[in-house]
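Think of it as A, B, C and D in the order they're written, each chain with its own count starting at 1.
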Amino acid sequence: MDFSSDTSAPAHPSVIEALARVNTGMEGSYGNDSVTARVRTLIAQTFETDDFDMWMCASGTASNALALSLLCPPTGAILCHAEAHIERDERGAPEFFTGGGKLVSLSGDAARIDEQALRDALASIDRSFVHETPPHVLSLTNLTESGTAYPAEQIKHYAALAHEADLTVHLDGARFGNALASTGATPAQMSWQAGVDVLTFGLTKTGAIGCEIILLFGKSRAKFAELQARAKRSGHMPPKMRFLAAQAEAMLRDGLWLTLAQTANTQATRLANALCAQPNVALRYPVDGNEVFISLPDPFADKLQKAGAKFYPWPGNCYRFVCAWSTTDAEMDALVEAVAG
Amino acid sequence: MDFSSDTSAPAHPSVIEALARVNTGMEGSYGNDSVTARVRTLIAQTFETDDFDMWMCASGTASNALALSLLCPPTGAILCHAEAHIERDERGAPEFFTGGGKLVSLSGDAARIDEQALRDALASIDRSFVHETPPHVLSLTNLTESGTAYPAEQIKHYAALAHEADLTVHLDGARFGNALASTGATPAQMSWQAGVDVLTFGLTKTGAIGCEIILLFGKSRAKFAELQARAKRSGHMPPKMRFLAAQAEAMLRDGLWLTLAQTANTQATRLANALCAQPNVALRYPVDGNEVFISLPDPFADKLQKAGAKFYPWPGNCYRFVCAWSTTDAEMDALVEAVAG
Amino acid sequence: MDFSSDTSAPAHPSVIEALARVNTGMEGSYGNDSVTARVRTLIAQTFETDDFDMWMCASGTASNALALSLLCPPTGAILCHAEAHIERDERGAPEFFTGGGKLVSLSGDAARIDEQALRDALASIDRSFVHETPPHVLSLTNLTESGTAYPAEQIKHYAALAHEADLTVHLDGARFGNALASTGATPAQMSWQAGVDVLTFGLTKTGAIGCEIILLFGKSRAKFAELQARAKRSGHMPPKMRFLAAQAEAMLRDGLWLTLAQTANTQATRLANALCAQPNVALRYPVDGNEVFISLPDPFADKLQKAGAKFYPWPGNCYRFVCAWSTTDAEMDALVEAVAG
Amino acid sequence: MDFSSDTSAPAHPSVIEALARVNTGMEGSYGNDSVTARVRTLIAQTFETDDFDMWMCASGTASNALALSLLCPPTGAILCHAEAHIERDERGAPEFFTGGGKLVSLSGDAARIDEQALRDALASIDRSFVHETPPHVLSLTNLTESGTAYPAEQIKHYAALAHEADLTVHLDGARFGNALASTGATPAQMSWQAGVDVLTFGLTKTGAIGCEIILLFGKSRAKFAELQARAKRSGHMPPKMRFLAAQAEAMLRDGLWLTLAQTANTQATRLANALCAQPNVALRYPVDGNEVFISLPDPFADKLQKAGAKFYPWPGNCYRFVCAWSTTDAEMDALVEAVAG
């Protein structure tokens, strides 16, 4: 009954098996290997396009920061939600990688940017006013930090507003699969078809060891050489890239990543339902993925913890429960029992 | 007969097995896992000390740059050999991580810093002269970029000179095991006992997938919290740290890393001997590890390549052959045959 | 009738005369001149202490950013008001000089930080949580960006709160003289006696050409060598420093700076009174210095502008009028006439 | 008899007078003033072109670093002479402003880059090799750090080589006037006509208080908005810009700057001749401007210093004497007398 975090989960066995499978003989270093080439093909299939460049990275923080450093100059700013991971949980990585760029926080319920807040921010940009730092990028997150999802149409709408104002669009997809699973969108619909210029496509929380893929779509591909240079210089160009690629291959083959994301989502819904059946329990945010933010009476929370359930109190006067691909029915049954007990 | 690079080699099977073994159940994120705790114990045994802090990192470039960023402020400089990896092959990573620190190149044969060059550089430091960038760190590399080794006594001697001048000492040990195997020094003798403040202890080239360990000894431990902050912000704090730790554990247990380094060294010596038996062939540098830099007549080089041997021409009018833990006797026999054929 | 900005005002004639006076013969470069030595004495008298180090700088933005870069590491954050100049009007200078530090905005009426907002921010600091960027500095501004002043007691109170939480305190005193003139505090009371660690003491808006003085008090003096290195490397160590010093000397001698600040304040009060006597006119913020933020009916604003008054519309649905040391009684009379006309 | 540095000299009286003259009434801030507009016209006349953008800056270090930050990305390098001011005397300013770019030192006699060294450096660039930092800029200095001058034809030749290799060309002209005066080239011939993309046009050492002008020619003008943003964020956008402009106007009007540079050069030649007439005295480098680097027997140097001459020992086993616009005939006579005495 460990609902502490999907980053505490193990990797899916297929991922480990893939590592063993590619561990034979010599392979080109730094991405010049046969496994990476196969991943490119899988990405093309998954995203239904060939108009992309990709870079694999073990770290979600670095993937976001590298992506943003391509889109935002040191003298520019990035619009994001006040609760965004890049703003709150990456120890200034975007500022570091951009060389001193600035994050500008936007408000909005449930970690989703409010449309009016976005419109106001875009309308107030005056690129001729040298004293203020003008936004160059809109960074969205899906799933958001509150476990909610933007539908693909909203991403598309926001991206269009951003593009009109000459901003580019980054999507932090650390839990991209969970957002797809709950909204029913395809990877293409939630990314390049929605106007996303650069996607951080996360597989770590979904079931890999550590594997995120930075995807440059369309015009942003012009930045690919710069991405490689920046990856190298930040220590995100592993010589034995085949082992990152093997993780990606295992996850992408036959849509394993989506299956795993769906599993985590399903367990989260069961969990939310089980808890909400109790008195004085209320969801803090809608459950659109594998995370449940929920208000519990303190004695009830205590009881669950004493029964062995692991979960954390969260800012906003609630608790966070996270399900992972590895959350079992047995765990869910145990929780249901603890709830009832 | 692939002697292109030890970074093109696979991982040792024990490393992959270790990944599988730790892939069970939930574990604390970001280094708060049981495997990382065991690695700490192994490091203490290997280096015969408890007076250290450690951080595991998948990247050698990042490990060096993180280490240097602790020791060198943005307004300071780093003394290193003109051929050092940090100067030539890391795309400005030290400058990036230090926030604009400066590398100052020193000369010396076979990629080893010349003592007089070091003494001159240290003697010319004038910390009261604000216009020049004063060195704060001496960064040594062992094995060097030319495949040569500093004996532990020389490291100790240089470190003493550096400390007298108020510099700290960093050792880039991407091929630390190879240097130990050839010089006969113990890990302790070649690091903290020699006055090394921070060691980048590389296991990737030795046989891991991607695992380097930054070791802070003695006084430099005061920088550990800063190291963690910088690791986080540069994307080198993997949530599922247990998989880095598993690599380290597999390599350190029973001294596997030293055994593998010795194997690579032995094959390199065999290779050098086989080539040097031919006319007009001369070692460019002494072979102190797993790398052979050698002058070959062009037709001879062609013949070897046509026979299937893979190796690269190298600056300095020579060729580089690298042996790895995985270089087999069969490969060596094939090379010997190609040489003779 | 130009109330556009105190940065559009000329310098006081004494400043120009001082430049001419020091322009004789050779002088030591980079601050090693006799004029700079005399300024140090004047500062000691003005601030009633010898426990300080000082650096003169032509730029207010650079002075703030240099000061903050001493107090906030690249991995740290700076608490400031959401309207602070460092947050809104310096094009990311603090982020640049700190190497990617982060500004954290606090709320509060009239550009003064709300005590509860400050307490909340301080209480939420968890230095052991590596993922978030912890504040290292509290940066206050006096006069604030809304023309209001903190009394010295409030600075002292906030500084004490900050120190308790292990933060240092920076005061942006671009209009320090105006704040002193309106609150009646002495320079000492509003700076080191209030717990300010580093003061950016501005003389440019008060009547110099371009002269700000970074003052390190008490413990922060340990950073003086670093300040010089950072000043040099950012191009803020002028070889002919005597001309910066001459400005400071002219302003400090006989308290000219305070006289000029008082003049500007007095004119602003007259201006506010004249405008407020009209119907449907209301001060947006209290007038604690030389700036008037005021709501005017549009036709009234038009009338004034047509009569030749120069002033700007300002965010927050108001207009800003700024008086300078050079605002004359004749200008005030003309404005009063225009108001009445 | 103070030959310590041209940065220790006073400003020309015309410069001070100009400050007084522009010190009337309100003026637009940040360069939007009438004096700046007039300077633009003077620059156009001086450089015989309208195809430029300009930015005035009080600091030579900042002017160089700002210029370089436009031309060199954080992932790139700058080719310069090993003795260049940007490499040796700016405390890492180029690294700071570029966000971690790298300086690559080239050799050459008398601080002039050797053509073969330049050709070798350009030939070795491999932009597809991500691990190395590729040069993006060639930075030349005229006068060089050894007081020698490149003729305009050599600048042109080097610039052509650089452009062929896709580098841009920066010229550090801290003593531009001295180089023009000794070579007879026009400002145009030594800058845009020679292929210089960005010139740091120094007036401080020539006789201003602190005034350098960054000139973007031709295609580099596309970077002007970025230059302004970077100037703002580094504290090099003075609100009262008219006072920088007044210095420039005074210096440019009627070619005062060239007259002053010629004076300094003439005195340096006299000084060199007087010294060289003595036994065992030898010029270390040709005297192409206002600086004399010369080997003197120690007793002779002592004698001069005892007689009141001020000059410094210099690396390379010699002494440096610098003449300024303000070096008088009386001083020269006194020196001649001291030499003879």
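Note that a residue touches a chain if its C-beta (ideal position, glycine included) is under 8 Å from a C-beta of that chain, and two chains touch if they have at least 3 such contacts.
From a predicted model like this one, the values you see are computed outputs, not experimental measurements.
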{"item": "Chain at maximum distance from chain A, centres defined as averaged CA atoms", "value": "D"}
{"item": "Relative orientation of copies chain A and chain D, as a Cα rotation angle in degrees, nearest 5", "value": "180"}
{"item": "Pair joined by the larger number of C-beta contacts - A-B, A-C", "value": "A-B"}
{"item": "Between chain A and chain D, centroid-to-centroid distance (C-alpha), Å", "value": "50"}
{"item": "Whole-Å gap between the CA centroids of chain A and chain B", "value": "34"}
{"item": "Distance from the mean Cα position of chain C to that of chain A, given in whole angstrom", "value": "42"}
{"item": "Multi-chain contact sites of chain C, meaning residues that touch two or more partners", "value": "30, 74-75, 90-92, 96, 99-100, 130-131, 229, 232-233, 237"}
{"item": "Of chain D, residues touching chain A in the complex", "value": "30, 73-75, 99-100, 130-131, 226, 228-230, 232-233, 237"}
{"item": "In the complex with chain C, residue positions of chain A that touch it", "value": "74-75, 77, 88-92, 95-96, 98-103, 105, 130-133"}
{"item": "Touching residues (chain side chain B, partner chain A) in the complex", "value": "2, 4-5, 7-11, 13, 16, 19-20, 23-30, 57-63, 65-66, 90-93, 96, 204-205, 209-210, 229, 232-240, 243, 310, 326"}
